[in-house]
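All chains are identified by letter, namely A, B, C and D, in their written order; residue positions are counted from 1 within each chain.
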Amino acid sequence: AADSKLVVAMLPKSKGNAYFISCKAGADKAAKELGVQLLFDGPTDSNAAKQNEIVENWITLGVDVIAVAAENKEGISTALRKAQKQGINVITYDADALPDARAFFVNQATPEGIGQSLMDEAARLTGGEGEFAMIVGSLTAANQREWQKHVEARLKEKYPKMKLVVVRPCDDLKDKAQSEATAMLSANSNLKLIMAICSPGVPGTAEAVKQAGKAGKVKVMGLGLPNENRRYVKEGVTDSVILWNTGDLGYLTVYAGAALAKGELKKGAKTVKAGSLGTFQIAGDNILLGKPFIFNKGNIDQFDF
Amino acid sequence: MSAAPLLALRRIAKSFAGVRALRGVDFELHAGEVHALLGENGAGKSTLIKVITGAHQPDTGEITVAGQPVSELTPASAQALGIACIYQQPALFPDLTVAENIALRLESLGALGRVRWSARRTRAAELLARVGATISPDAEVRSLSMPEQQLVEIACALGAGARIVIMDEPTASLTQKEQHLLFSVVRDLRKNGVGVIYISHRLEEIFALADRVTVLRDGESVGTHPVADMSEGALIRYMVGREVAQIYPPAESAPGEVALALRAVGCASSGVRDISLEVRAGEIFGLAGLVGAGRTELARVLFGLTPADTGEVLLRGQPVALRSPQDAIAHGIAYVPEDRRRHGVVLDLPIAHNMTMAIHRRLFPTTWLRFGAERSLALDYIRDLAVKCSSPDAPGGSLSGGNQQKVSLARWLATKPRVLILDEPTQGVDVGAKSEIHKIIRGLAKDGLAVLLISSDLPEVLGMSDRLGVMRGGTLTAIFPAGTDAHTVMAAALGQAEKGAA
Amino acid sequence: MSRYFRELSVVGALAALLLGLAIFAPAFFSPQPLLSLVTREAPTLVVACGMALVIISRQIDISVGSQFSVCSVCAGLLAARGWPLALVLPASITMGALLGAINGALVAGLRLPSIVVTLATMVTLRQGLNLVRQGEFVNMPDAIQWFGLPQATGQLVLVALSVALLIALALAMRHLAAGRFVYAVGTDAEASRLAGIRPQLVTFLVFVFIGALTGLAAMMNIVQSPQVQPLSGAGLELKVIAAVVVGGVAISGGRGNLWGAFAGLLLLACVSPALTHLHIEAYWEKAIQGAIILLAVVADGLRSRKAGN
Amino acid sequence: MSHVTPAPGNSRPWKARLLSHEMLLLYVLLAEWLFFYFAGTTTNRRGVVVGFGTWDRQFDILRHSCEIGLLALALTPVIITAGIDLSVGSLLGLSAILFGQLWHDAGLPIPLAIAFTLVLGALAGGLNALLITTLRLPPLIVTLGTYSLFRGLAEAITRGSVTYTDFPESFLFFGQERWLGLPTQAWIFFAVAAAVWLLMHRTTFGRSFRAIGLAPEGARYAGLPVGRRVALVYVLAGLIAALAAIIYTARLGQAKADAGTGYELFAITAVVLGGTSIFGGTGSVHGTLLGVAAIAVLKNGLACLPVVMRMNAAEEMSGLLTGALLLLALTAGVLPKMLSKLRPRRHAPAV
């Protein structure tokens, strides 16, 4: 009870996801450096209702900071507002809630930036023309829809010679991504590229392309972790994987949360310090992590997460 | 008789959760004898049989087979010892073929043994021929009638080369012809040195077939006697422990107006066709016929379970549509079904709930339950019909067969019917309860009910009925007045007589 | 003929679907996607065979999905520790058999209803796995991939293995005494006890068997990819139950056969790739699968009602 | 030897009643609650009492239990008629979507949209009822089909992605605020619970559901309208699932196609834990409520235990323990019987 450690509670969308596991690694590191207690709990599947329940639990537990990757903007915001009313510091990371429900958003990259990076990279790989397909995580995940929207917007705006022919969900399962990609390949003989925007989707697609013997002929790219894709990138099946440094995202989130709780980070601040990573810029109420990074054959071995 | 009996039981006891079904039974069976087992409902006959076949483990007691003591009898080991049983309810697999059913009993294959389908088929055909059945070995058992299934059971026992064959009320659902066939199979077995244990509530069969008889009462054996030394009266005294008059109560009033009239009623899906008859208030109209003659089907038509598609049903002169049991009840028709354990009482529900089940609308008009009213109604019927039970809250399954039948009857009397259909009301009911039920039925008729009494027990229909119809092949072939002799009725049921006067 | 009405009608529906695809999307029949489809469904087929046995014996097992996940992760962890394939494979099968034995002991030994028992073990196993692993993936060494064979050969081995298993089991169910025991127990446990069969033992063994098959299927699945995802078994139970039931195995036990289950599985498995090839939006997939299940039972219901009258 | 079996007199029913399934479950619930009250309540850094022993937490438990509780109430009559309905969770999702559409796309006022949603839920239940009663199909399979169908329709209608939000405050009041001290939806839940309890235990409907569960043919021979009663049970389940969808939407402030995924299994677990036999015929509504409460307290209590918090595994632990509790409840019903079977045989020689 008299344990006077600061308690930071961090809510991922789905805690088994490799993406969030690597987030947690960074968060753990920051928590150790700061001497705060870190709770890292979330649904095992992406489930908005469960996220709410966990936040409400944390409210009654009286934690100091709640950091949330929102599965659903509106759904979670009510609970977050309630937390703020009880004097809990609320920030969001990875996926934002409504602006009035949190103090800051640790923004790894804007959906727009991600969508543009993805589309630009796809255009670079195909030479700006031809048919391509897309694999998404689930049909109901909000951030996926957001990214897809921005990909399509960029496509319309800048690459008139490219055509998105099919979008299929893989339920965040690698096996399913693989069979979907296989079906796509045979159903669309002119396919030049498959873009997977969920992390199990990229290796699944790569496996399908590899098995179809179309490595190199059909490009594979998407959002994913270097470790999951290293094998395929090296084999030349997957061309590029786009991601920010997820460990840094977790690290920065914990630092920002702690700073907020200690009163070091206030509304209107222009920068925030995050231990060994140095200082980060703040634009409005968005703490910016930096640009997404493109991993390819040349640089992938430098990263381990 | 020979020194070592084929089967000897000493002081066998068995209890079920407090019910002492067997309290120490001694029993001996010799080779080449038909040994009848007799007793009231619930005396423990079936339980004893299940002990012999290994289906139940006795709590105490010894079993000796051909001089060898056996312990821990299981169905498999009993089979290996040459014990075969034809249960009250055939224990066959409805989804499997006849050949396969027979094979499952006879072949003791290891789990990895190979099934020889053609050999199975030939063997089945051969065994079926031996019991005189014309059943295809490839027929699925669910498509067979009850007697046909019984014949398959007997074929199994024959095929097993059993030394001890047990028959638990095998004739309860057999036709006369099949019954004679069965008797000759039994005599055949006896001739070949097989010991047969034969259970039946029909005393005439015991006199016709058995060599010795053992009587069970309340789970104890009260004596074994050669059948030749016994009279019917003596046997009944042994069973019941008192005298029972086997006299049917006489009619005490003249029938009134026509309560129920059928005009050329038929129902294609259940094989009932062109039935015309009239039943008057205060009259008992008996329906005789062989099993499968369609009497139950007719009752189901009248009760709206399989609605009629041709003809007309009139109640007190008014034509009515009987599309469902609810319709039938609303028009004052009640039906006490044949299969009391499946249809007559819900075994897991209290007696009181069972009794009020058909009168929810009347007893609970707002659908709101009135426990007090229900209880007093149940107590009334328990008293009036002399149901032996601990309380109205006891589950129906805790009662003996005869008392279950009374509960089933009470349910329908509670509807205050004008027409009462009774389907085999005394089947599997012991002599004592049977005569009580007869008295109740007669009393109901006296109160002005029109009673349609279906029974395969020929003396019963003859004795109880004011008029008597005979069915055959789904239609009514003859109607006789009271006092017609058994021979004439039987001949009509078998289709050997001309159409009687209606 | 009418005895196999259900199996034939499923085959008919499958044929109609394939015919439609042949006309409107001939690309479906190119070897690669077909091979990929059957490779992917091979493990499911193995579990479906087990499920057919369980349902024929008048039980149900909704814990197979969780068993599948547990076996996958355990096998993955062993492989990652450097165990050779020759040990990982039997270990996975044994693991499955043990999990099945728990169900079997509860259902057969204590005579508890299998639907509730396996519901409980499903939840327990799934959450236990989550608790221990927190959803983490397992990275597998290359030696386990495709059973250490070249990929094309490996695919063929997987498919051949599952088909061989199907044929062997289908024949065993018809021609071995053990198979007939399963039918007998499913038709009427009490009658089979009186016929000298030990129904509780048969039930127990059926659960052990489906567990072992699930362990094998898990292995067949994880060799296909370099990572084991603990969620891989999610929803497997409903998929195989649906396939088996669509294929005409009666939920009330004692009726149906493995060929029907096979046809049912193929029919349901073809829906998803068929949608892609016919350029129908993916959102309809679940609804169509639900409709197929309903149509299959409705056809049966109409037929038996006609036969009944 | 000196042990005397109690005479079947007055003492037995008392003992039996105190050891009935429901009472045992009540003891478990109380034990759970007390344990978490003492082990799950702490004072935090700011000196505020937090954790399980706060009113806020108790209200949260209540709030979070309403939807699954409603589904469990819907399933109790279904299971008592020896049926099952796997589709309630999917129907919750479909109803949430339909409600969102009616309000947002069709522009209906909220009360009207609610009314229509309830009607549509009842109709969807009616589809189950139709297939089960007129064609006599096994409920497990029919509802497995509609389980897939309803969820599939919800996804197809929204193309997976449309999420309805921005509901008016007056509507969110039902899911997020308190009324007369309790979470608003708790009042609705209690009202439904009372209604279902009365239906099951005080009217002829409950009586006939039981009879149908025990002996469907027997019930038909007794003149009970079996088809209509069974249909009623599924329609009611659809109606209650739609109501749960409304509450779910109000609680989260959003309607999305994945609403209620997996809820059917929780609900079935609660019902069975509450002592309703999966074979039909026996069971009670209060048992179901106790089952729901036992699971909810376990789940929320674990989340307040410091040990569990440090492991970040409240969800998993509670799932694990719920499964174990279910197995325990099942075996608890059987083990005494098995033991009593063994006992007389063991003592028989001594007598």
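The rule is short, and it goes like this: a residue touches a chain if its C-beta (ideal position, glycine included) is under 8 Å from a C-beta of that chain, and two chains touch if they have at least 3 such contacts.
Small disclaimer: the values here were computed from a predicted structure and weren't measured.
Greatest Cα centroid separation from chain A: this falls to B. One finds 36 Å separating the Cα centroids of chain A and chain D.
Centre to centre, using the average C-alpha position, chain B and chain C are separated by 45 Å. Separating the CA-averaged centres of chain C and chain D is a span of 29 Å.
Counting partner chains per residue, chain C has residues 130, 134, 282-283 touching two or more of them. Multi-chain contact residues of chain A, defined as those touching 2 or more other chains: 15, 44-45, 139, 169. Applying the touch criterion to all chain pairs gives A-C, A-D, B-C, B-D, C-D. Interface of chain D with chain C (complex): residues 84, 131, 135-138, 140-142, 144-153, 155-156, 158-160, 265, 268-269, 272, 278-279, 311-313, 315-320, 322-324, 326-327, 330-331, 334-335, 338. Across the interface of their complex, chain C is touched by residues 14-18, 21, 44-45, 139, 166-169, 172-175, 178-180, 182-187, 189, 200, 203-204, 207-208, 211-213, 227-228, 231 of chain A. Chain C meets chain A in the complex at residues 25, 27-28, 30, 32-33, 36-37, 40, 130, 133-137, 139, 151, 155, 221, 224-227, 229-232, 234, 272-273, 276-277, 279, 282-283.
Those residues of chain A that touch chain D in the shared complex are 1-7, 15, 39-41, 43-45, 47-50, 52-54, 56-57, 59-64, 72-75, 77-78, 87, 138-140, 142, 145, 169. Residues 60, 106, 110-113, 115-117, 119-128, 130-131, 134, 238, 241-242, 245, 251-252, 281-291, 293-294, 297-298, 300-302, 304-305 of chain C are the ones touching chain D in the complex.
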